[in-house]
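Quick one: the structure is below, questions incoming.
Order as written gives the chain letters A, B, C and D; numbering starts at 1 within each chain.
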Amino acid sequence: MSIFNIKNLQCIRRDNILFQGLNFDLEQGGLLQIDGVNGSGKSSLLQMCVGLIQASEGSINWNGVNIKESRYQFQSDMTYFGHSNGVKAELTARENMKVMHALSGDKSDIDYSSILKQIGLAGLEDVLLSRMSAGQKRRVGLSRIFMTQSKLWLLDEPFNALDKNGKKIIEQLIVKHCTAGGMVIFATHQTMEIDGYPLQHIHLGNET
Amino acid sequence: MSLTDFLSMGGYAKYIWPVYGICAVVLFLNIALPIFRERKVIRELQKRLQSEESKT
Amino acid sequence: MSLYKKCHRWFHQFASPKYFYDISHIISKYAIVVCIICFIAGLYGGLILAPADYQQGDSFRIMYVHVPAAWMALFVYVVMAVAGGIGLIWHIKLAEIVARNSAPIGASFTFLALVSGAIWGKPMWGAYWVWDARLTSFLILFFLYLGYIALQSAFEDRRVAARAGAILALVGIVNIPIIHYSVEWWSTLHQGSIISQIDKPTVHMSMLIPLIFMVLAFKTFYVTSLLIRVRTEILEYESNTSWVKQLLRDYKNVTN
Amino acid sequence: MNEYLNIFFVILRRDLTLAFRNKSEFINPLMFFVIIIILFPLAFGSDSALLKQLTSGIIWISALLATCLSLEAIFRSDFEDGSIEQLTLARYPLTLLVSAKVTAHWLTFGLPLIIVALLTGLVLSVPSQTMLALLITLLLGTPVLSLIGAITVALTIGLRGGMLLSLLILPLYMPVLIFSMLAVQNATVGQSIAAEIYFLSGILVLAITLAPITTAAALRIRLS
């Protein structure tokens, strides 16, 4: 019985059917890429997997239980990173990370400077995000994945606004998380260099 | 009860009949508008159906 | 099959748009007939048979529009909140459609209650708008309806609009008794309670029967108007299903 | 248990620092409040007896309108930068996070509003027992305004239709206004205001228990 399972999912946005009859199972260490042209429903599928949007048909199950029934159990096992970074521009990087860390419920204390160093923002702990570039803000937003123990990561276009080495850092992180038994679902149209790690695919949109 | 007595409504005619008039208008609107809208929607759907069928 | 399972199945079967679409034709036929009969009986009884009130003379006959309209205004809001709640919890599309389409009818009943109440006030208290407790509560209820309708039209996606409307209607239902009681409290303090005694006519039996007919007429009218709107919306919703397409084709031979 | 308290205060502290960081969002409603009050003497003539009688009413209505304007700030910035999604998807119940945000809104808007209202009351020479009633009713009333306002803001955030929020919210504010004004008028003539205060606290307790849950549900619907 798979850990994360999508059963016969259908999505209707503004009265037109984006996709239907979607079935997928993700096991321990699974890495899933959702690709498709803009407007093909990539983000909608991710938001459904997370429970933000109600699926008109079909169900999404975590450890065999529909996520609607066990909402908070599911939410404590997953981290979502959407189009918008989910960080406050008026707060400094450290304050933002403190809030993210508290929200993730992870008990261990975290060295923020080392995380910032890992994502290439060394020394920017006390800089207001309003003074940072879009790419830097995106990295601060992405730093939430360093601070959670959650098993499942759902990333919506994690690479946009990131430069080449930013993308490399995130790719390594994803591979490290998957080899350690975690699971990652991400939506992107860019190609991934993950040197041979088994990558599963879902393609949305009718032009295959 | 002659007609004029009935219409005068014991001197309150100018209050009672406007109320019943407005009531009639409101009720009529609540029937007429939905029926027009239903016909319009059916006509639109039929047009769309015809265009779909003519395409396939 | 246990009783629970039977009515569960019936509930979901009843909630399927196609089943409801066919049933609604039958219901609205009966409703129209009952509505017309009650209207005729109510009007005849109320305007002709009922004796003039010893205190208000004939002006009390406005009651035959005011009281049913006011009752229906509250009744429709409760239906809206309950249907919205069902749509919210069990995601039944039909309940959402019923809730959304009841709002305009409820709003027009409230408007009718306000206008008839105001006009009724003129002969009795000498002024059209006399901040009477009940009329003020209905004025606020009218704004609750307008808020609901405005909220519905602000969303593009209908399903989300229906669920947002359901929340607003439920918040409204909790607030209606509070609003009503606070307005009563407010008006008794300001005008003293003498006024509200007069306008309750001592309802004599021959006056009461037409009133019941009128309330029944308004209720069946609500059902007919609602069913027309619900049918239209079901057609729009299910426009790409096969049974609607078939229906449209049959309909075609009828009209042209 | 302290895990939940801890997250409550983290969100509260975050919102308070945010409020102090951009002061304009925090000062504008207060300025708006004072401007409305200034309009009335201009309209009725400064020393008329009528104005004396209306002052506390003017203060309360201006407080209500100022709160109406300030409500948007609870969720708008979170909605724009996407942190509302993070709050909805956190492991903690959304009701708790929403009540933290509403408390932060009351602390940044409600409290200063009460202080400024009392100052204007003093300036406009409102008698002392009316001031007391004004203070009590504002203390009980403004949290209700924030709590019920949060529900409507959660429903209408980001929707087109500008005045939608006020159209939805003002009918729900009327009981609070009615009971506060009755209490203030009773106080001016020296009668006891216990009845109205009981009622206001009843409404406050109802709002505290029901409003956060409804706001959480409204947010989930708005995000879907």
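FYI, a contact is a pair of C-beta atoms (placed from the backbone, for glycine too) under 8 Å apart; a residue touches a chain by one contact, two chains touch by 3 or more.
Given the structure is predicted, the values throughout are model-derived calculations rather than measurements.
Asks: So which one's got more C-beta contacts, A-D or A-C?
Replies: A-D
Asks: At what distance in angstrom does the C-alpha mean of subunit B lie from that of subunit A?
Replies: 54
Asks: Could you state the distance in Å from the CA-based centre of subunit A to that of subunit D?
Replies: 37
Asks: Cα centroid separation between subunit A and subunit C, in whole Å?
Replies: Comparing mean C-alpha positions, subunit C is 47 Å from subunit A.
Asks: How many angstrom lie between the CA centroids of subunit B and subunit D, rounded to a whole number?
Replies: So the centre of subunit B lies 43 Å away from the centre of subunit D.
Asks: Could you check subunit A for residues that touch two or more other chains and list them?
Replies: In subunit A, 54 touch at least two other chains.
Asks: If you look at subunit C, which of its residues touch at least two other chains?
Replies: Expected reply: no residues.
Asks: What are all the chain pairs that meet the touch criterion?
Replies: A-C, A-D, B-C, C-D
Asks: Given the complex with subunit C, which residues does subunit D contribute to the contact?
Replies: It is residues 148, 151-152, 155-156, 159-161, 164, 167-168, 170-172, 174-175, 178-179, 182, 199, 203, 206, 210, 214, 217-218, 221-222, 224 of subunit D that touch subunit C.
Asks: For the complex, which residues does subunit A have touching subunit C?
Replies: Touching subunit C from subunit A are residues 13-15, 54, 56.
Asks: Give every residue of subunit C touching subunit D within the complex, in rising order.
Replies: Those in contact with subunit D are residues 140, 143-144, 146-147, 150-151, 153-155, 160, 163-164, 167-168, 170-172, 174-175, 178-179, 181-183, 185-186, 189.
Asks: Which stretch or stretches of subunit D touch subunit A in the complex?
Replies: Per the stated touch rule, the residues are 3, 6-7, 10-11, 14, 17-18, 21-22, 77, 80-83, 85-93, 223-224.
Asks: For a test of understanding, state which residues of subunit C touch subunit B in their complex under the given definition.
Replies: Residues 47-48, 52, 57-59, 61-62, 65-66, 69, 104-105, 108, 111-112, 115-116, 119-120, 122-123, 221, 224-225, 228-229, 231-232, 235-236, 239, 244-245, 248-249, 251-252 of subunit C touch subunit B in their complex.
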